[in-house]
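As structure tokens, the structure follows; a few thoughts come after it.
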Amino acid sequence: MNTAMHLEFTSQLDYLWALMPEAVLATGALILLLYDGFFGGDSSDNRAVGWGSMVIIALAAVANVWLMGVEEVGDTGMVALDGFRTFTNFIFLAAGALIVLISFDYNRREDIKDAEYYALLLFALVGMMILAGSRDLILIFLGFELMSLAVYVLVGFNRKDPRSSEASLKYFLLGAFASAFLLYGMALLVGSAGTTNIGLMGVMLNAESAELLTVMALALLAIGFGFKVSAVPFHVWTPDAYEGAPTPVTAFLGAAIKGAAFAAFIRIFVLGLGDFHAQWEAIIWWFAALTMIVPNLIALVQNNIKRLLAYSSIAHAGYLLVALIAANTSGMASFLFYLIAYTAMIVGAFAIVLVLAGRGDRYQQLSDYDGLGWSRPWAAALLALFLVSLAGLPPTAGFVGKFYILRAAVEAGYLNLAILLVLTTLVSYWYYLRVIVNMYMKPSAEAREGVAWAASLRTVLAVCAIITVLMGIFPSWPLLKARQSVAGLRQATEQVVETDPLTRR
Amino acid sequence: MVTEALILSGLLFTIGAAGVLIRRNAIVMFMCIELMLNAVNLSFIAISRQVGVSAQLFVIFVMTVAAAEAAVGLAIIISIFRHYSSVDVRNFRLLRW
Amino acid sequence: MSFLNDLYSGPWIVTFLVFFPGIAGLACLFIPRGWLKRFAFSAGLIEFLVSLPMFWTFGIGRIEYQNYVSIPWIPDWGISYAIGVDGISILLFLLTTFLLPISVLVSWEQIDKRERAYYAMLLVLVTGILGVFVALDLFLFYVFWEVMLVPMYFLIGVWGHERRIYAAVKFFLFTAFGSLLMLVAILVLFWLHLDQFGVASMAYPAMLRLDIPGGLEFWLFVAFALAFAIKVPMFPFHTWLPDAHVEAPTAGSVILAAVLLKMGVYGFLRFAIPLFPNAALDPRVVMTMLVLGLIGITYAAWVAAMQPNLKKLIAYTSVAHLGFVMVGTFAFTGTSVAGGVLQMVNHGVSTGALFILAGFLYQRRHTYEIAQYGGLAKVIPVFCFALVLTALASIGLPGLNGFVGEFLILVGSFLRYPWVTLVAATGVIFAAYYMLPMIRRVVWNDLTVEENRSLIDLSRLELAIIVPLLLMMVLMGVYPKPFIDRVAASANWLSERVELTIQADTADDALAAAEVLERSPRTP
Amino acid sequence: MDFTQLIFYVAAGLAVVSSLLMITRKNPVFSAMFLIVALFSIATIFVLLGAHFLAALQVIVYAGAIMVLFLFVIMLLNLGHDFEPDIRGRLGWAFMGGLGLVLFAEILTAVQGAPGDAGGDVLTPWFEAKGVVAGVAEPLFRDYAVAVEITGVLLLVAMVGAVVIARREA
Amino acid sequence: MVGPPVVPALVALAQEAAQSAEAAHQAAYVPFLPSWMILLPFLGFLFNGAVGFFAPQQRKLVSVVGPGVLGLAALIAVVNLVMLAGVHDAEAVIRSYFVWIDIGQLRIDAALQLDQLSILMAVVVTVVSFIIHVYSIGYMGADPGYARYFSYLNLFVFFMLVLVLAANFPIMFIGWEGVGLCSYLLIGFWFTQGEKAEAGQKAFVVNRIGDFGFLMAMFALYAYLGTLDFHTVFEMAPRAFEYGGAAVTLITLFLFLGCTGKSAQIPLYVWLPDAMDGPTPVSALIHAATMVTAGVYLVARSGVLFALAPISMNVVAVIGAVTALFAGTIAVMQFDIKRVIAYSTISQLGYMFLAVGVGAFTAGIFHLGTHAFFKALLFMASGAVIHAMHHALEHAGEPAGEDMTQDMRNMGGLRSHLPTTFKTAWVAALALAGVFPFAGFFSKDEIIWSAGAAGQTVLWAIGIATALLTAGYITRWLVMVFHGENRMGREVRGYLHEAPLVMTGALVVLAIGSVVTGWVNIPEALPLLPEFTWLHGFLHPSFEAAEHILVEHLGEPAHAAPVGGGEGVWAIISTVAALAVIVIVFNALRAKKYRPAAEAVEPSGPAGLLYHKYYVDEVYETLILRPFRGICRFSWRVIDQVVIDGVAVNGTAYATRFFGWIVSRLQTGQVGTYALIVVLGVLVFLGFVTL
């Protein structure tokens, strides 16, 4: 790696190099489509395509490893080449792989044969990676839409199920609606900055005397991203989409998509527009506060496990928003760490929900989980583990992640948000506990047919559980990696928080 | 004229947004969104006078995206119509609370 | 024996003791059902026997942490696995290991469903508790503090009585409420350390050197104090306790009362007061805490006197007893602090025994209603003997353990707060007022309930459970000196050191004072 | 008021009126028609603002392709009649209208800070130098080639997605 | 820092005191097996307790071991007394066995202090206990809890000896509470009867109020002096405390609060009459002879402190005198054979407090000793009567509840059936009435005289009045029980018979004691008698310091009664008056026809007031207990369940959930609503930045 390749972005070919993992994925997805078109025929199973996509993801990961050795020269390239990007790429790829693995079972059970499922998953990954790795508004927009379009379709992929279609429609309509706002914000931003390059905006705009137009643009931009990361009050689509979507896609929505949106959010707001911290802080503060409070409250009255996890996922977006507003190294590193932990636990949780729901996703009510702890001890124990981790109790990854976010918040002086975070966490304990109560403390529900635990699914669960526990007990290495990945990203952001953290809000 | 165009863009954007709120027909709502996108395009065009051609390039991508969205969106609408025999969003309330 | 000496003066014995129950607990999940009980008990017994020599190898009169070990855990955040015992923790530590085999044994006959998970939870719980008592790193402390919540939650919620779910959730949320705010405070401390010394550290000794701005110090103290006050529990944060106690299975109640509550006071002694001396010993704060302690003593006694439910009564007596301890803690003389620690151990033994005895009754009659009993001395005299003795120990009859702690607390508190002590001492009267009627209605009186005629007296197993506790009560009452000796030096040191920190006006002086009195964590 | 401005206001008025009509007509087909009118008006303004190429695109892509697609779907689903009361009641109208006014007011406030015509015109010299099509194409394929590539993927996704999701269940 | 700091100078004092304590070790008196004195009863307790657990039917061994250990202990005590009496002004010997509590400055040894006062008390305790143990063999012979009974009794003596022999306050407190515990256990010995168990509980709780005072006194003493050892405390006190100062006054008042509880003085006397529910030997031992006198012992022991606090002395004297009179009047109208004596005990204890309150410590201890004998005798005589009544009623097949066996209205004319009991009861009564030459005459006379000599005219007068009252009620008691017509059925009467030998033997021994114990201290003032102030001389070292302080501040006691006349004159007057009262009452009552309790009408008017004990229990119940229970109930039902748990805790939870529900209603599932929410959000946030 010492002989690092340097990219200067003097020609468009450089971008191809810089987008190597994305290119691998996209090409792979295309090949898969072609393969399916020519050889797939009427095969009753789309598993071959699934394994193919696993291979492609692995190749993309290799490409990403290669990317780690590439350095960029100059700082205005449309595509970033930094630790942040490779780190998030890895997480997205890993999440994608996990989702592919849990999809096998689901697709067979729900009789979903279209190979396009996996191709779209890969395309969504491409979109996410572009989204998280770009520095240009156009690329961000395109990545955004690429990801969204693929996911709109994925959400509605279970065509037999009206819930799936409904979820897809709601997601699509509101997503497009929010895109318009985002785009309007971009327009105004371009108008006031005169450039589409995020890196240059800080130079072009004077943060000290920011015009109303810029502030407005920032607000619209924040709203657009707020929609994607489901920040309250733009979260309204989330529970419906999560509940209706095929469960693997729900996991994908919860883990990777939100992560990608957040990565872009952070890249634009912290890295690109960190100088405008004072301008966007108020908005994000309210986002964070509301996004912690509202979903945690609503989740208390949920009876559908998927919906409950959906609200839980919104609440986690709130916690991540705290990391975002902290806008310091800790904040970004904690985001990366949290992303790993969160991906592991949310995918794990949904994987169990997926299996237990049975054919046609019938068993999704909390009451269906009664007594599960004793009739299906492993499933229940794992679900309990993931829930405990989501709740942020030690010794799980969720705790360390939350701790890191809190640390970032305290360092940046957002004691009020830190306190709000822990209080809402307290509320969240309540509904996570409800699931555990049902599983362990209530008499068993009536017996139902056994479920098959495919090897792929068991692998996913094992991986998620190990990550959840190991990162809870020995978080050093990922913490180090997370910190290294954001080290030196942007010195200026450190100045934002230089003042005494305890005298500010 | 740029300012006027921007104001017009804002007005159209607002009308589009209001349309989304007012209508209950999924297709018409989607059309309203298209109008909003077009309003944004108008903004881009207006500001490209000062910013340069890159803002116009943006419009090209927006248009492409809008086309892609239209394809996917209408497909979704067709798909849901199969279930509900309706495109009235009031009927789509299996998922709530 | 030099091998033993080396072992017990070395750093790893405590680590072993902390994690052994947890590992054994996980092993429980895979033990054949037939072996399970014996396995769990053996694990508990081994734990206790291994821990027992610590009582003698503990260096009396030494104030530094013994069996100290500190190895980096999360170096990036300055977090290390740092543990050690001193006079404040050693007795609580040993109390926990002492009660472990007993609570396992108690469960032998009372738990008849989902046994594997039960013993696993019980043992894991003990790991959490032991960890709390030895952790010398704030992060580690917090981890253990929370880790212990989950198994306790399961113990109450799965193996409890009718309203177990309510009680379990209440317990969990209530205690988590306090600890989460403490987490924020810990992070602020962490940040302050980073700010003042440029080094990330969570080490407890390092935190003692911090120079915390006045207003902030108060709020940090409040955050810590809230967590601990809930755990103690102090009035008005006590209402989770009766519910948790009543619904928990016997062993759960025993651990809860005997050890878990102590974590609160321990937290005050180890963290809340030494870390924030100026806030904690601000006269207004002290008065508030003392008054709350006094309310705990009197009010809980009054409420206890009215309880128709045996377990609930005992639960409220815990609140009253812990009120005493809190008074001793915040009077903050060496004597009262030592008395407080001692009283915690005493309370652990006697209240633990009370819960066990209540459990024995429950096993026979499946009710905790006091009105359902009466005249038991005629049918089950041995049981009644144990109950009366325990009750007397609990109300602080001289010659039994309860008195010594109470006496030291009050005698120590009187030096500073005579009026507070005056009120606190009325607790002595109220103690008789709630406990004796219970005894009368259970043990004495006429045998009115027909079912009670056929009760059988304590079995051998039950005797094996209760006799060690009774012996401890008598031993600690008649010859408390060895126990006091182990606490005294640390208690005195603590109170002196904190006083000195307060007296030292400027930051420099405070640092100097801290430096002078700093316990260098060295391994002997 | 010179001629360009006159055209601008006419086109703007047309755009506003037709979009208002679009959101108020009960029949979706009418709505689509009015939207097309609005898009044409906007294309006119594009021309006035110097974006000739994009004006052409606007007509071709939007009016020509997208709106046809809309109409096609409306017809396909047999929604071309106006008895379906898909518009909110009077009260909803007023409320939503009010919200729209507020939104407009906010946008207006912000837009007033924009440089406007005073910001100069870099576009006219550029197009004069490069030509209308090349002026757009050159930066598009030079500086944003990668974006174009991505757009290709995007369109592929849209195509695949539309096919998959609209496909009748076997 | 609030509160009295321990002055460094006091540390020097403490060292000095320690040196003199060392000197005490070199005194000529070498205690004889002091630890065995207290260990023996304890071993007896263990043994009998074990028997009670494992072989409750075993009686023989218990009958030997129970009284046996006491006999040995008494022997040791007497030997020690003799040895001590042989050494002139022997210094106190402190035997320390192990360190009980040691922390910081506080060091409490498990130590015994052997000096004149404690040994004398030990002798009284062990001797009386031994006799009562023997008596119990007969009295409790048929009880199923025989071994348990003896184990309790042994334990009681153990604690009593700890109390008496302790060398510091905390160890004394162990004994102090320990005897309370045994009292509790023994009162409730027949626990299956609800009111007995309740009486025991009442005794315990009331005593705890007193103990609270004791504790506070200890804390204050430690705060001021830094030690709780008797020796050091009394050594340092005169220098550490200002005469009449607030500190020492408060300390002594707290101590006295403890005494009022244990020794049944106003206002805490209420438990003692109820304590009569226990077996009669228990009443004799604990509630007459030993435990209840612990308060007097404590005041005498802490004489130095009390001497320094004139206000406290006055309080002690006044409370004592008032209690004496008050309880005496109640005794006049009681019909329960034991209650009369119980109130009499309270009254006599009042006398003792009067004595120590006016500084006549020796007189107080003297009366304590004599009282132990004659009051124990009175109780045991009652016991014999009850025993007889019980047997007779049982044999006759009639209900033998306590209302039958103990109500004097059912008795009368028992002298022919219970001759020995009758005779010994008369001896005891005369002793109680203070008739020459019975023991009570000497001790009571000295108390009254001391009160007069101290210039307490009113108290002196009360003392005399009470003495006459005493003669009156005890004569009434005698008459109702033994004289006149037997008011039982003929059939029952036939079964009445004297108690067994162990019991009557014990009665006789005590009767002898009731006569001769008075002779240990014959004041010179009495005409015709040789002066023999052995007790004064013997106890002199124990009270020297206290008396020195008194003399220093109050001057020598006067040699004439407040209304003139010397000690001799008043002794004669009081004896004659008492005799006169006895004769008058005897004659007046012998002729009176009593109706059996079942047919009797309740007394009304002033007599009713006395009969109902001035309604004190009722007043306590109404004014203190009921409101207190109300507070308790309020605390639980309202504060705990409604305010804290209901509103604050569950209320928060419900509110949270409710808010959750409310907010969840926004998720209508309608895209229109969602769009509206989004737009509203946009508007708000844009407004946020634009405004």
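Should a chain be cited, it is by its letter among A, B, C, D and E, assigned in written order, with residues numbered from 1 in that chain.
The rule is short, and it goes like this: contacts are C-beta pairs under 8 Å (C-beta built on N, C-alpha and C of every residue); 3 or more make two chains touch, one makes a residue touch a chain.
The UniProt protein names, listed by chain, are B = NADH-quinone oxidoreductase subunit K; C = NADH-quinone oxidoreductase subunit M; D = NADH-quinone oxidoreductase subunit J.
Keep in mind the model is a prediction, meaning the values are calculated, not measured.
Most remote chain with respect to subunit C, judged by CA-atom centres, is D.
When the interfaces A-E and D-E are ranked by C-beta pairs in contact, the top one is A-E. Chain nearest the geometric middle of the protein is C, using mean C-alpha positions.
Ranked by distance of CA centroids from subunit B, the top chain is E. Note on chain placement: the centre of subunit C and the centre of subunit E lie 38 Å apart, centres being C-alpha means. Between the Cα centres of subunit C and subunit D there is a gap of 71 Å. With each centre defined as the average position of its C-alpha atoms, the distance from subunit A to subunit C rounds to 43 Å. As a whole-number value, the distance joining the C-alpha centres of subunit B and subunit C reads 64 Å. In subunit A, the residues that touch at least two other chains are 138, 142, 145, 149, 152-153, 156, 159, 168-170, 173, 177, 188, 191, 212, 215-216, 239-240, 301-302, 430. For subunit D, residues that reach two or more other chains under the stated contact definition are 88, 96, 99, 103, 106-107, 109-111, 114, 144, 147, 151, 154, 157-158, 161-163, 165. The residues of subunit E that reach two or more other chains are 653, 664, 667, 669, 671-672, 675-676, 679-680, 682, 686, 690, listed in rising order. In terms of which chains touch, the assembly is arranged in some other way, matching none of the line, ring, star or all-to-all patterns. By the document's touch criterion, interfaces exist between A-B, A-C, A-D, A-E, B-D, B-E, C-E, D-E.
Against subunit A, the residues of subunit E that register as touching in their complex are 653, 656-657, 659-661, 663-664, 666-667, 669, 671, 673-675, 677-678, 680-682, 685-686, 688-690. Listed in rising order, the residues of subunit A touching subunit C in the complex are 374, 388, 393-395, 399, 403, 406-407, 410-411, 415, 418-419, 422-423, 425-426, 429-430, 433, 436-437, 440-442, 475-476, 479-480, 483, 501-502.
Taken in their complex, subunit D has these residues touching subunit E: 88, 96, 99, 102-103, 106-107, 109-110. Those residues of subunit B that touch subunit E in the complex are listed here as 17, 20-21, 24, 26, 29, 89-90, 92-97. Interface residues of subunit A facing subunit E in the complex, by the touch rule stated above, are 169-170, 173-174, 177-178, 181, 212, 215-216, 218-220, 222-223, 226-227, 232-234, 236-237, 239-240, 279, 282-283, 286, 294, 296-302, 427, 430.
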